[in-house]
Each structure stands twice: as structure tokens, then as C-alpha cells.
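Next come two complexes built around chain A: one with chain B, the other with chain C.
Up next, the complex of A and B:
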């Protein structure tokens, strides 16, 4: 019956994360008239030619695919903003703030609204670079978990996709440390005299690592 | 996860009420319930009122879409309504299915833990009962009936076991990734830890066990 292993499988699939990201709002400029939509997820419109309006990404993509609107890429997707983020991301140890669903949203727009993104090649490669730098940081960040005893991890500014990717490893590693630190475990290990000198790490250094 | 913030637990300020009033539609609540249920190792309380409302909304929307089609409303509009409907139906289904999977997996444990049993909906209880029956019958027919009498229990390894040691249980010390909408302040992880400051909108990896009450009162969301 139930094995422990599948409890650690990724909680959300990439498609499910995309689904969640599709609820984020984005600005579109319709080229047709349409009455307001009173949807379960909210009321949107009315739609008038050349009058910008906010809709969820899924709605924007649906209209775009039918040639009914242009999508205004969000501010953070400009070459200027992304260049800043990339530089800061390279310089600083911390993660730069980006929209929680930046990976999914940029992907959706690249797939469905290429012609609405100015300098798409530049934007695209900047986002790829940012993603790479961040993933590299995640990797080095994970080393810290393994060097120091960590019980709670603050994942500041990590995006949905990034958190989902590190989830299986991080949660498992932390769980193991937590278990190893349980009082009966420590007594056991202390009684073994020839252990590596780890006492330095057992002190009250519980401040969270900003990752 | 409370809709009317009044019945939520203490600690809600008026600003939070205001925030939840303007920002939480049922669609949003359903999405959160789905995410929490998917990420929590244990079965959560069935969101009876929310599910009831979502069902009604879906039904209403299905009727509206049908009416639109009959009245020859612009097919584009109809298809957008249909997409919105499909998204909600997906969430509802996935929510219910996630719960059924958990019930199937931990059915004996849920059965003997009153707190968990009471979290199930009426239909889920019926499902669990059938599940238990089938599982007992299956275990009995395939193995247990052929074993010596002290090994016949589907809950215990042998009659000398003091506890039910053959019942799979969810591990509550699993770490989960969570996020709070508001600053929760210093939070005691457990007695041997220093408190952790939980800031608004930051992600934390914490043991489920220690934030369980916060998840159950809707003060923190799993992601």
C-alpha cells in the first residue's frame, strides 16, 4: 500500500502551475466590441477597440489566438527592467523580486503573443539568463542546507516554478535533518566518542538563511 | 479559508477583513482549497459550503452557456464562458479527486481517528466505508485467512502488537512550502527551536506539523 516515496513527488505538475499562472491579470487592447463577461472567476470588460482593459492571462491568450486583441507585456518584461534584474541577480547573493509566476507567464506570452513583445529575442534571452542565474543560486543555496543544520528555510522571492522544482529535495533534506536532530538521536550520536566535531554547529544558530 | 472573516479564529484585523472582502471570490477560495489539499500530507476539512456554492455556480453557468448557444449569441463569447466554466470544473474535480486519493491511501487511519473522519463529507464517508469493506475483504481473501489465527488482523502485525501497527498514516513531519498573506510574527516551530519570523508573502519550508493549526484556520496557505 502507501509508500512514503510518492508523498515526496512534486506536488504540482508544470501544467498545473501554468493553470495557476493563467489567473494573473494582464492588460490587453481589444480590436473588437464585446459586452462585459460575468465569469465565475470575476467580471471583465466591456471590450472596446483601442481601450485597454485588464483580464486574466488565459482570457488574453484566448482572445489573442483569435486575433481579437493585442497583449501589453507587463512592465517587468521590458529589456530595461530585465537587464537591471539580471545584473542585480548576478551581483547579489539574494534573489531579486520577480512576479511569482514569471516563468510561466513569460512562457505563455512567448508562445502566444510573440508579435506583441518588443525586442522579443532580447527579452527571451534575458529571461533565460535570469532563470539560469537563479537556478545556479538555488543549487549553491542547497549546499548551505547540507553544511549547516537548518530546520526552517525562508525562500525569499523564489517563484512558483522554482519552489516546485526544489521542493522534493529541500523538503526531504530538511525532514531528514529534523529527524536526526530529535533528542533521542542526539543522545545516541553524543555517546559515540569518535564522531566528527560537530558541536560547533549545534549551538543556537537558528536564524534563517535567506535563500 | 473562512469566507466570513468573523467566524475565523482570532488575530484577524479589520484590514485583513477588508482585504479578504475585496480580493476573495469563490473561484479564488476554491483554488486555495485545492492547493492546500494537494500540498497537505493529511486530509483537510471538507469545504462543504464552498463546494456547494461552486457546484451551484457551475450549474448556473452551464445553463447560461446553453441558453447563449440557443439564442445565437456570438460564438466567441460563448467559448469564453465555456473556458471559464471548464477551469472551475477542473478545480472542483481535482479537489475532490485529491481527497479521494488521500482517503483511499489512509482509509484505516482516517476511520479510527474521529477528528479526521469528521472532516469527510457525507459522500466521502460512504466512499471510505466501501473502501474499507473492499480492502478488508481483499486482504482477508488473498492473505490473512491463510495465516495462523494470531496474524489475521488487517490492522496489526500479530495479536501481540499493542497498537495498530499495520495502518499507513500520513507523515506529519513532512516539510511543506507555505506562504502567509500577512505578517504572522515570531512563530514557534516547536519546543526545541527558536521562533521563526513569518513575513507576509514570503515562502517558507516548514514542517507541516508545526503550522498545521495555521493551515486549518486559513492563516497560511500551502503552495
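Up next, the complex of A and C:
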């Protein structure tokens, strides 16, 4: 995807994002004994049976595949937490804080560590719901670009995957609006503000959700 | 000015504009099909591509007239005011916005800018909704109404949504390179 498209040059593919997400730390409980691993990204371990330790997701998945550990799902992946987030997400206009890579990490854990997640069906459907609600919010939020003069969008609490999906669309739309909105084309509306210094002319930055 | 490396910019300048010759010109006969002589009289009407019309206009040889869809009183404007999202702009001019941006300073029509903006604002919403929801097979009818710019926008949204869905569905994570399966044919 990233190599295929020149127009979307700045876009990651979903697989690339998954790769980046694998650097996040997660807690595992090993069932084997091993010396600490000294890696470029840091030292992990030592690994002792039944003693929890923090490792990157890629390492956790690799160990899990070999049956050398169980993965402890992160705090935010519990049913109570997710239910809270879902409700807050439905009620509030703002996006709820979730881990930047929540889409990717949850998918990785669902794929490789399904026996370590309690209530996996519930958790999975909750995450799906949260994702759908957030996508709907993004969709309605993006309408704001067309209503007012917009030069930048502030995407607070938006996760990597969500930002990545809307990126090609949003950048293109902003570009086109910028071209059509340029002061050369639209004169009468701001003949006054043209005399002001250049900085005053840039307009406010919009929140994706700012009502 | 024109962007030399942008194919869309080049193609947008190919659009045909109606012009009126202000001076008589020799050797322009092929542009004016109404008579056989190789001359064009002053006041003759012709249709020229934008890139030619612009230069001749700057030199005062021709006066550029705006194409019907940019006129102040035209069906297109009325339709856009009524319901911009369902106007077939592609049929009128594939490079509607690009051309509009280029023509407006040339003919000094200040209403074109706001008109383009309003048109895009309304149509943007429609594209936004469709790009991120509809399955790719459902939308082709809507696609035929979009100008080049809008179609690209639609495609951008559609592609990234589709890529995400594909990733979520899973499937093989490692893909076999298409080169690998091929066997060299024995030379006989």
C-alpha cells in the first residue's frame, strides 16, 4: 500500500502499523527459566516461572507461540474498562483516551493469545463497538471541514489506525479546500482581513470535535 | 501558473473554451471552420483549448468567454444552488475546479471563486459519506457524477477503508511474491 500509491505517499499500510504496534510493552508470565535478553531496544527479563515481566508485544507473541508464557491482557482490555469507555464514547462528543495502538494490539492478542483473555467474545465485541462508534464520530466530525474555513485538524486521542485510515482522504480534502478558499479566489468576504498581518489570516485550528 | 509535472494540471488546460477574435488573424483558418479561407476575421467565434486561449488572451488577440457552466446565469449554477450533490459535473467538465481556478483571474469574474467553493462544500459531504461507508460495488452510479478531483478524493477514502477491512479480516500475513511461483519453461 505504501509503495503502491504516490498520492498517498505518507500513508502506512495496516500491516506496517501492526509492526509498529509490536514495540509496545506488555506483561507476560513465563513458564520457563531464561537469562535476561539484552536487545537494542532494551533489556528484558530475567524470565522466571510464574514471575511476571514486561516485554514487547512481538516477543510476547513469539514466546506464546512456542508455549513458553501466558500473556496478561493489558488493563484497558478488561470488560469493565471497555464497557466504561464504550458508554463514555457514546455519550461524549470527545474521543476517549485509549492506547494509541489499541486496534492493532487487540487484534494481535485475539489472534495469538485467545486463551489468555477472559471473556474473549465480550471483549472482542466491545472493542468492535468502540471502534464503530469512533469511526462514526470521525465521519460526522469531518463534515466540519466543509462548513468553515479550515487549515488544520487537531486529532486528540485518535488512535494510529484511525488516523491512518482517514489520512489520505483528509489531506486531499484540505488541499482542495485550501486551493478553492485562497484569498485570490474569495475576495469580497475578507477584503478587510487581508490588510491585517499574515498571521492573523490563518484562521483558527479546528478540533475534529469541538462542539 | 501551470505545474509542469502534474498530469492533471496539463489535462485541465486541454479543456475547450469559447473565444471571440478581437483582431483579424492570418493562418488561423483551421481554428474557424465556418469558411474556407485561411484567415479569421475580427469578431469571429472559435473554440480553443485553454492553454492557447490564455496566451492569445494575454496578447489581446482573442477575448475569452467563460464556458456555459461558469456563466452567471446558467442552468449549472441553478442546479448547484438547488442540490449540488447530484449535479453531473463530470459530464460538463472533468476538471471543473481546476479550470475554474484558472479562468477566474483571466476573465476577472469574481463570482466564480465562491461558486466553486460552495459547489465543493456541498459535494464534499456526499463524497465523505460514500467514501467511508459504501461497499465499492454499490457506488459506481454516483462515481459518474464526480469530477476528477472528487473522484480522487473518493478513491483515497475508499482505498484506505478497504485496506483496513482486509487487514482486519486476516488471512495470510505473509504473502508469496508473485515471481516465486513461476517456473522457467524448458527451451526446446
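We take it that the second predicted complex is superposed on the first by the 179 of 211 C-alpha atoms of A that agree within 3 Å, B and C clash if a C-alpha of one lies under 4 Å from a C-alpha of the other, contacts with A are read in each partner's own complex, and residues count from 1 in each chain.
Heads up, the rule we're going with is that a residue touches a chain if its C-beta (ideal position, glycine included) is under 8 Å from a C-beta of that chain, and two chains touch if they have at least 3 such contacts.
Not measured: the values here are computed from a predicted model.
When the shared chain is aligned, chain C comes close enough to touch A:161, but chain B does not.
Within the superposed three-chain arrangement, the count of touched residues of chain A is higher for B, of the candidates chain B and chain C.
Legend: residue contacts after superposition of the two complexes on their common chain; A:169 is shown touching chain C, with no touch to chain B. Residue contacts after overlaying the shared chain place A:180 against chain C, while chain B stays out of touching range. Residue contacts after overlaying the shared chain place A:11 against chain B and chain C alike.
Contacts of A:120 after superposition on the shared chain: neither chain B nor chain C is touched.
By the touch criterion stated above, A:29 is placed in contact with neither chain B nor chain C. With the contact threshold set out at the top, residues 1, 7-8, 11, 167, 172, 179, 181 of chain A are in contact with chain B in one structure and with chain C in the other. Across the complex, chain B is touched by residues 1-2, 4, 7-8, 11-12, 19-20, 22-23, 34-35, 37, 39-42, 58-59, 62-63, 66, 68, 151-158, 160, 163, 167, 170-172, 174-175, 178-179, 181, 183, 204, 206-208 of chain A.
Note for the complex: chain B touches chain A at residues 25-28, 31, 35, 38-39, 41, 57-58, 61, 74, 76-77, 79-81, 83-85, 87-88, 90, 105-106, 168, 170-171, 173-177, 189, 192-194, 196-197, 202-207, 223. By the touch criterion stated above, chain C contacts chain A in their complex at residues 97, 101, 104-105, 110, 112-114, 116-117, 120-122, 124-125, 128-129, 131-133, 149, 152-153, 156-157, 159-161, 163-164, 166-168, 170, 173.
Of all residues in chain A, those touching chain C in their complex are 1, 5, 7-8, 11, 13-15, 18, 107, 111, 135, 139, 142-143, 145-147, 161, 164-169, 172-173, 176-177, 179-181, 184-189.
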